[in-house]
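Following this line, the structures themselves.
Two complexes, one shared chain (chain A), two partners (chain B, chain C).
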Partner chain A sequence: MTSSSLAPPARVPLLLRFGVVERYTPVATMVLALIAIWYVASVAMNWTLVRDGFEREETPYTFSDVLAGTMEAERPLLPAPHQVINAFVDGVFGYSPLAPRSLIYHSLVTLSATVLGFVLGALFGIALALLIVHSRVLERSLLPWIICSQMVPVLALAPIFIVVLGALGLQGLLPKSIISAYLCFFPIAIGMVKGFTSPDPLQIELMRTWSATPRQVLWKLRWPASVPYLFASLKVAITISLVGAIVAELPTGGEAGIGARLLSGSYYGQTVQLWAALVAAAVLASSLIALVGLAERGVNSRMGGH
Partner chain B sequence: MDRRKSQLGFLLSAGGIALAFLLPLAPQALPMIDRPLVSTIAVTAGGLFLLAALLADRHAALVGLAGAILAAASSLQLLEDPEIAGSAGIGFWMIVIACWLSVAIVLINLADLRQLRPRTQRAVNLLVPLLFGLTVFYLWEVAVRGLGVPRVLLPPPSAAAARFAGSLPTLASDFTQTFIRGVLIGYAIGCGAGLLVAILAHRYQFLSRGLLPLGNFFSALPLVGVAPIMVMWFGFDWPSKAAVVVLVTFFPMLVNAIAGLSASGHIERDLMRSYAASPRQSLAKLYLPAALPFIFNALKINATLALIGAIVAEFFGTPTQGIGFRISTEAGRMALDMVWAEIALAALAGMAFYGCVTLAERATTFWHPSYRT
Partner chain C sequence: MSTKATPKRLVVDAKAISLTFETADGRVEALSNVGLQVAEGEFVSLIGPSGCGKTTMLRVIADLQQPTSGTLLVNGMTPENARLARSYGYVFQAPALFPWRTIEKNIKLPLEIMGFSENEQKIRAEHHLSMVNLKGFERKFPWQLSGGMQQRVSIARALSFDPAMLLMDEPFGALDEIVRDHLNEQLLWLWRSTKKTVLFVTHSIPEAVFLSTRIVVMSPRPGRIIDVIDCDFPPDRSLEIRETPEFLKIAQRVRNGLRAGHSYDE
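So, the complex of A and B:
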């Protein structure tokens, strides 16, 4: 007997009985509410700005003039949602993909650093986890440091890396991806140590009774058992990798990339451009996570899961 | 590691020390024999290595460790000679290799120790990572100074430490600016708001079903990107940093707290119901305590995120203090020892913060199965 079975059957409105509607109504409501709040906030925050503009030009203005002005100010404090969407769409489709004003171009620059860094970091993290799992010495001497270093704001190292690698003659893609890799190898290493040690003692003993070599234990037991942990940590790592790539573009002064776009937007007060770059970063992040999720589903179905 | 191997390793270490006396320390440097202090230390180290090889039992690790420390001391003493620093020869590296090899053997032997008394075990568990870290720092120091790596590329840790000790007032003001003002205030507001919204969402199912997917979506976004906007809205001083920290910490707390508030079991809920507990009572006595492990999980995640958020926000503009500001300006001036000192400060602050959260967790969730051993 549980409280859910004790409770009187709740009255569900007719519309909400359809699965799709029931599932998406709350989210849609929240999104709409957010957009509404955004519009109100942008009116409120841009109000004085626009009114001062009218007064400086000494043109007569009415309430509705100012209201309309807050919706399409050139350098608003908070651009209205449609302005951001317009700027985003314009940035994506308005220019040829390789023009320096195109968001696709900047996204590609950031994306390449992100992906390269992600791959490097994932490989390094998995290799480290393998070493740690197979060596008691490393487990006891290195693992505490790895855990400690998770509490350190590693991102603070980004400018140093850029400066040092720049002095060594490395510029462009590689320093950024090294920062990304450095940021994202921690969650992968930790997750994979958990994953590699996740098989039961019973299963490991079974492998021993079959006199399996350590390599066979790795490929036939530990590796398959660690797949859920692998994908969970990959999802965390890919967003961190993106953050790393964006932040790494800041101290270089940034010729290209989403981070550079953010920096120049903040220097020149181009708020709409700044918000459009943020939207691009959000789209990039969610599509990268979706890609990892797709890969996870593919691997799971190949492994006979669901 | 078996006895034979560790005996061989200690013998090789002793051999390395012996080779240091035969081979040149540096092209134009005095040989080892003519340096009474260093050669006494090195000979003692070599003797200890031989003794360790001879003993080859539990005590060998301690003897070997003493030898390694003496070898390290002699190599550091040698580096004081300007003839050696920057152009160290093969004899010098022999001492370093001997030191590294002996520490490695000691570490392997220590890590292999099993079935000790609890107190000894704890000491060993602490000693092993500590030794490992010290060795890494030692090798970094010796490599940088021995090879003469330019300071603008990679300063030796001793230079960063000296800089740290020498500029405590600057570091203290940076610490208050970034950590006390930006991080702590933002962290308190962000986590508090996240928890409050989660409690609301727990009361109203509709809200929770709408907020959970959004919260998951937002906590996966690169939210530090809003830093320039916050700087534009709240100015250069700490409120903009606190605002970034609020945004960065809000969503992880929201998602975790919503999950935690629904973590209590049906039986407990039924019990509260049969006591006719009011919603407020069941919140205070059941749902919140049951959610504590999840809340602390979010608090721990946020401890790191908050520091990162504040430091990154400072890259976009600050008054003339703050950890992030100092890192970016000093990196631009190639004063890397100051940068490393700031990073050490950030690391210490981050670890202390995380440690405090962990202690609070121990104190409040002592009932949780993961602590009840």
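So, the complex of A and C:
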């Protein structure tokens, strides 16, 4: 045995030791590449706009003047990443949370419609799945309508819903939630039909040998067996629900909500505001999915998942 | 050593059971004129090649399938009433445990369904887990147990509500030889200590001869009984009796029966 093998191991940098580098390098590389492409694109797309601006004002300009201008134009075709981030940070932290210019305020408006719509849609979807699983007749009569309901573009339906419900005296949160629910019940209904029918035939026969009632079969077998399907469809549904809420905000004329910010941004050519609202929507969607994922983890560990 | 002096209560009394069903290839006679009497406390094995109707017969007794004709009394009742009265526990070839329930809660499942009190559930789960030597595994989940252990849990589950009879459909068919031998000994001990009536479907000759008080040999197309063999080894027998001439003689008779009923065309 040589003395070198007894020497203390060479010091490995902390980050390398826990695989942090291996884990995050691909993601970081991807993000950096996208940002680089974004900068190049914003320079290219805003170039003529900025140059024409200089020429209209008949001020002398150099190459570097135009280059700098493309990245801080007030109404660029494509805002540079730092402009979007600045606008987003300003929108989130720059105002009191309930001010009409605060992104937090608009996010909360959209979030409440999303969550209410999600809950309504989930309950409706699960109820439909239960009916379909328990009756062949209902399966044949309901399923075609459920599928048809999703072939109508929601962009066309949303104004009709808003107008009709408005005539009935319903305004604000509920109509938006109903559109959300209309979109998100579908993946839940389809997923839960699959989930409720997922138990092994042997497990169903065992329940029969114990003379279990249909309700016991549902609560002790079909419902727990469908939990993985439930969470898979909830993850799809929550993002669709957000899209539904945003779309539903468009025909309201842009009072409040992320949809309203998107609409007014595009009306007035406020592209930076538009992109900041998009970032807010993306952050909202990711956090909602993360929350569903967290709930899934919690439930899984209680149900013996591994 | 005959016990015919005191006629025991019949747990299964089947007369002229037939079951036919239509398939795309025509009529299949799964059971043809099958008669079977099982007295309380007996261990009866149904043995035969696949398609001989042994599993179908078990399912008919369990009211999982209905015969086309014939009369059948289970525990003195119609099969449906016997099922509703929870007269039997059924063990399938696969353990069919509920993966989201711990071992203890799996055993409690039929008890929950049948409305036993919380306290009674706990006592029974504990008792039956120790009967199959799985004390200490209460809080484990099924995936943490081996196949043989899982099957023991499913036997404990079938016994938990104290049914009059145990119906077992090739319960050890998916296990390897060593585990199977071990479980055969355990099942024999369980049968002896609980005095339950057991109806046992298998296609293993040594298993049938080792466990049974009576072996019913069946044959396919149509599914029928071709031989019934009495078997009276001492109740505290061990696996060693499989080497004795008496054992081999009975095994030979079962084999002859199976051969006679089997068509080697296919």
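Keep in mind that, in the parts below, the second predicted complex is superposed on the first by the 277 of 306 C-alpha atoms of A that agree within 3 Å, B and C clash if a C-alpha of one lies under 4 Å from a C-alpha of the other, contacts with A are read in each partner's own complex, and residues count from 1 in each chain.
What we mean here is this: a contact is a pair of C-beta atoms (placed from the backbone, for glycine too) under 8 Å apart; a residue touches a chain by one contact, two chains touch by 3 or more.
This is a predicted model, so every value here is computed, not measured.
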item	value
Partner chain(s) touched by A:Gly269 [first = chain B, second = chain C, both, neither]	first
Touching partner for A:Trp145 - first (chain B), second (chain C), both, neither	first
First (chain B), second (chain C), both or neither touched by A:Val227	second
When both partners are placed on the shared chain, which of chain B and chain C touches more of chain A	B
Which of chain B and chain C A:Leu98 touches, first, second, both or neither	neither
Which of chain B and chain C A:Val20 touches, first, second, both or neither	neither
Residues of chain A that lie at the interface with chain B and also at the interface with chain C	none
Of all residues in chain C, those that touch chain A in their complex	62, 64, 83-84, 86, 88-90, 92, 94, 96, 98-102, 109-110, 112-114, 141-143, 161
Footprint of chain A on chain B - complex, ascending	107-108, 111-112, 125, 128-129, 131-133, 152-154, 206-211, 213-214, 217, 220-222, 224-229, 231-233, 266-267, 269-270, 273, 303-304, 307-308, 311-312, 315-317, 323-324, 327-328, 331-332, 334, 336, 339-340, 342-343, 346-347, 350-351, 353-354
Chain B partner contacts - residues on chain A that touch it in the complex	1-4, 6, 26-31, 34, 77-78, 136-137, 139-145, 148, 150-157, 159-160, 162-164, 167-168, 235, 239, 242-243, 246-247, 250-251, 258, 262-263, 265-266, 269, 271, 274-275, 277-278, 281-282, 285-286, 289
Interface residues, chain A side, partner chain C - complex	200, 202-203, 205-212, 216, 220-221, 224-225, 227, 303-304, 306
